[in-house]
Amino acid sequence: MTYALIREEAYAANMQLPELGLVLFTFGNVSAADRQAGVFAIKPSGVPYANLRPEDMVVVDFDGKLVDGNLRPSSDTLTHAVLYKHWEHVGGISHTHSVYATAWAQSGRDIPLFGTTHADHLTVDVPCAPPMEDEKIRGDYEYETGFQILRCFKTRQLDPREVEMILVGNHAPFTWGKTAAKAVYHSAVLETVAKMALLTEQINPEALRMKESLIRKHFERKHGPDSYYGQA
Amino acid sequence: MTYALIREEAYAANMQLPELGLVLFTFGNVSAADRQAGVFAIKPSGVPYANLRPEDMVVVDFDGKLVDGNLRPSSDTLTHAVLYKHWEHVGGISHTHSVYATAWAQSGRDIPLFGTTHADHLTVDVPCAPPMEDEKIRGDYEYETGFQILRCFKTRQLDPREVEMILVGNHAPFTWGKTAAKAVYHSAVLETVAKMALLTEQINPEALRMKESLIRKHFERKHGPDSYYGQA
Amino acid sequence: MTYALIREEAYAANMQLPELGLVLFTFGNVSAADRQAGVFAIKPSGVPYANLRPEDMVVVDFDGKLVDGNLRPSSDTLTHAVLYKHWEHVGGISHTHSVYATAWAQSGRDIPLFGTTHADHLTVDVPCAPPMEDEKIRGDYEYETGFQILRCFKTRQLDPREVEMILVGNHAPFTWGKTAAKAVYHSAVLETVAKMALLTEQINPEALRMKESLIRKHFERKHGPDSYYGQA
Amino acid sequence: MTYALIREEAYAANMQLPELGLVLFTFGNVSAADRQAGVFAIKPSGVPYANLRPEDMVVVDFDGKLVDGNLRPSSDTLTHAVLYKHWEHVGGISHTHSVYATAWAQSGRDIPLFGTTHADHLTVDVPCAPPMEDEKIRGDYEYETGFQILRCFKTRQLDPREVEMILVGNHAPFTWGKTAAKAVYHSAVLETVAKMALLTEQINPEALRMKESLIRKHFERKHGPDSYYGQA
């Protein structure tokens, strides 16, 4: 098997999606990049998880051109390609239609930062990118979805190394990380944070965003130069 | 076993219902049609899923008359029969009382099209048929339920080849497709879409329907003449 | 093993509770009656389901007096006893703290009849008995809980052969049936109906009760003299 | 293995968290104390549950100083240490980010006592400690979280032997008990009570707290000098 490492990595990460309850049928896809080779491996389009094998992963370059594989790649491949091309630190990308995160995306709202579960992973509300203009939808839609995400990060001056997730308005979440496994990890964190935030507002419609000092403390516990979470 | 193909198909599709979390006890039934023979196989009434066998499936014609089988067919058989008789392209029908779709049916509201998960499967709100008139309820109720569905599609000028699901007001959903497996697939999609729509309105009571350009794009990705989802 | 039949029946029915997701830890109990012998077998108090054995079931009479068994019976035993003593057709009783039914009991509201899932099993709202008076609470509490249920049925002129479930206000549901298995079946039906009703009101706060003609039709499909649900 | 008993106890209790659906990934930790030795065993920081072994548990004293172990202890270790040091009867502590309890913590509200499921375990609303002052957050944060909990109990005159759970505002729950297993038991009870209370308010925004006589009755059934729940 050529590109064995990223195929295995993408395969294993894709198989995590049903295990974590993040997908129904084939509504999701994960990719893993090989930065040296300038390619990434991604799930083939519409193939049930039960039938997937590592060798089914399709390898494409950062322009989305087929490099290796017998199957058609995920219909969202161009979105992945745009993100890899512009964000050089990203090693894996995950896209799901997980229920709570998708409901926030459909509602068009950012997810407010209400607690430490959220702050352990990012210090801002989870951004929700506004829907794209009609001519872009009619054009190269998945390619434009990548730029929709880039634009949202630029407009809001967010750093994709610190904020590793986004909601695409009326659509669903995309998450990323240094590896495909990390990207899927962020999909699961986002789903939990999305559910907790909805419940929080139901319990107390006046619930306040967490205060800044506590946000910084929790993020730095896990991510700062003096982080002390996990094993050294 | 006579009618082995549709019995196996109906059996396998029925067994998917508990696996996908769409039924409690026996509250659901799936059928599979043989268009050449003019018959369909359907789950027997009130038999627990754990005890079902392919040979238990009951074979009836498109007027609901028994053709083959030792058990009494599902009490909803006449509803299936009416749909098969009038919609010639339908090869399988699924009926469940899945919780979120049933709650929408009980609420008497169509499910608004809020996002791409919905638009990947149909370009309109999921229709909710209004309750039927009293004399029809007292008459041949399950037969009339079939006409209640036909009437709703006619009134709203919907095409059952494009919209493969409906909510029957105060009752529960029916879905269909080219095969019994596809019908069950639509039951699961509907349940997810129903849950997402409720959550969307809870997060943002002012949430807007998805715009038309994006609806068309997503539906055509999967279903149009230039569809590029799945394997060729 | 003495009283083997009802002990096996009570054991099997109790084991259904965790399987159906109706209990956390030991928060539930089911009993099975032997009408000829004038006794019933009930789960012992506070024993984890994983450790239960048929011979652990405790046999008591309809006054709640110990007849056979080495363990202390469920703390709710006297409530079961009162119901068996006054309702001669009851063969099994189930008590759970299932989440949605308990939330309705805590809210002090009857569960409105919104759809056919409910009407397939009873033709009225699920009754919620008001909390009992203080002196009764301080007295023989579990015994009084039985009378609280009897009183509610009497006041509302309900027939326990037709309505086989109740919510005890601020507490939780009790259900019954001809057998212990039927009682547990009703616990599961009630939990589903309770969840659907809450979701229905969330989707449409103005949702209407189902109309009487449809209620009667569905109930009689399953229970009337001309019922045609299930196998003959 | 040194400190084998508390390591085994802490290990078994930690493994219960994923089994009971109380944690995502590593978002939780349980400890078990040896009062004679003046130490407790706690989960190492950031190690996936699937990889945990009893010997990985880290042993520290009641000031949080490492006594035995090769891994870095949970980042919440100092919070556990403070509670053990000040509450002498506590033998185990559990911390999770379970979804419903965390949503209440994020909402900043106590969980109202609506029913017997709650009253079986404590006679007051589940307290929610207000967020701590900024200088404390910037200081020794986890240590201060311990004092935040102690302060809340002192201010409200609560007895930690009767109330064995708390919500830390904007963060998540802590629970405790005579053993680590009991602490985890309380985490699960709290999650269920938290879910039921949210649903209760959704069903009836005017739902009333349970009356005092019934609260006392239920608590004393399980915990009073004349308790009659469970086996003697």
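Chains here go by letter, A, B, C and D, matching the order in which they are written, and residues are numbered from 1 within each.
Everything that follows uses one rule, which is that a contact is a pair of C-beta atoms (placed from the backbone, for glycine too) under 8 Å apart; a residue touches a chain by one contact, two chains touch by 3 or more.
Chain labels with UniProt names: A, B, C, D = L-ribulose-5-phosphate 4-epimerase.
Keep in mind that this is a model prediction, so the values were computed, not measured.
**Student:** Count of steps on the shortest touching-chain route from chain A to chain C?
**Tutor:** Graph distance in the chain contact network comes out at 2.
**Student:** Hey, what angle do you get rotating chain A onto chain D on C-alpha, to the nearest 5 degrees?
**Tutor:** 90
**Student:** Interface check for copies chain A and chain B. Shared numbers divided by all numbers used: above half gives same, below half gives different; which is it?
**Tutor:** Both copies touch with mostly different residues.
**Student:** With centres defined by CA atoms only, which chain is the most remote from chain D?
**Tutor:** B
**Student:** Could you state the distance in Å from the CA-based centre of chain C to that of chain D?
**Tutor:** Each chain's C-alpha centroid was found; their separation is 32 Å.
**Student:** What positions in chain D touch 2 or more of the other chains?
**Tutor:** Residues 202.
**Student:** Give every touching pair of chains, nothing left out.
**Tutor:** Taking the chains two at a time, the touching pairs are A-B, A-D, B-C, C-D.
**Student:** Within their complex, state which residues of chain D touch chain C.
**Tutor:** Checking each residue of chain D against chain C gives 114-117, 185, 188-189, 192, 195-197, 199-200, 202-204, 207-208, 210-211, 213-214, 217, 221, 228-232.
**Student:** In their shared complex, at which residues does chain A touch chain B?
**Tutor:** Touching chain B from chain A are residues 24-25, 27, 44-47, 71-72, 75, 97, 99-100, 102-109, 131, 134, 137-138, 141, 170-172, 198, 201-202.
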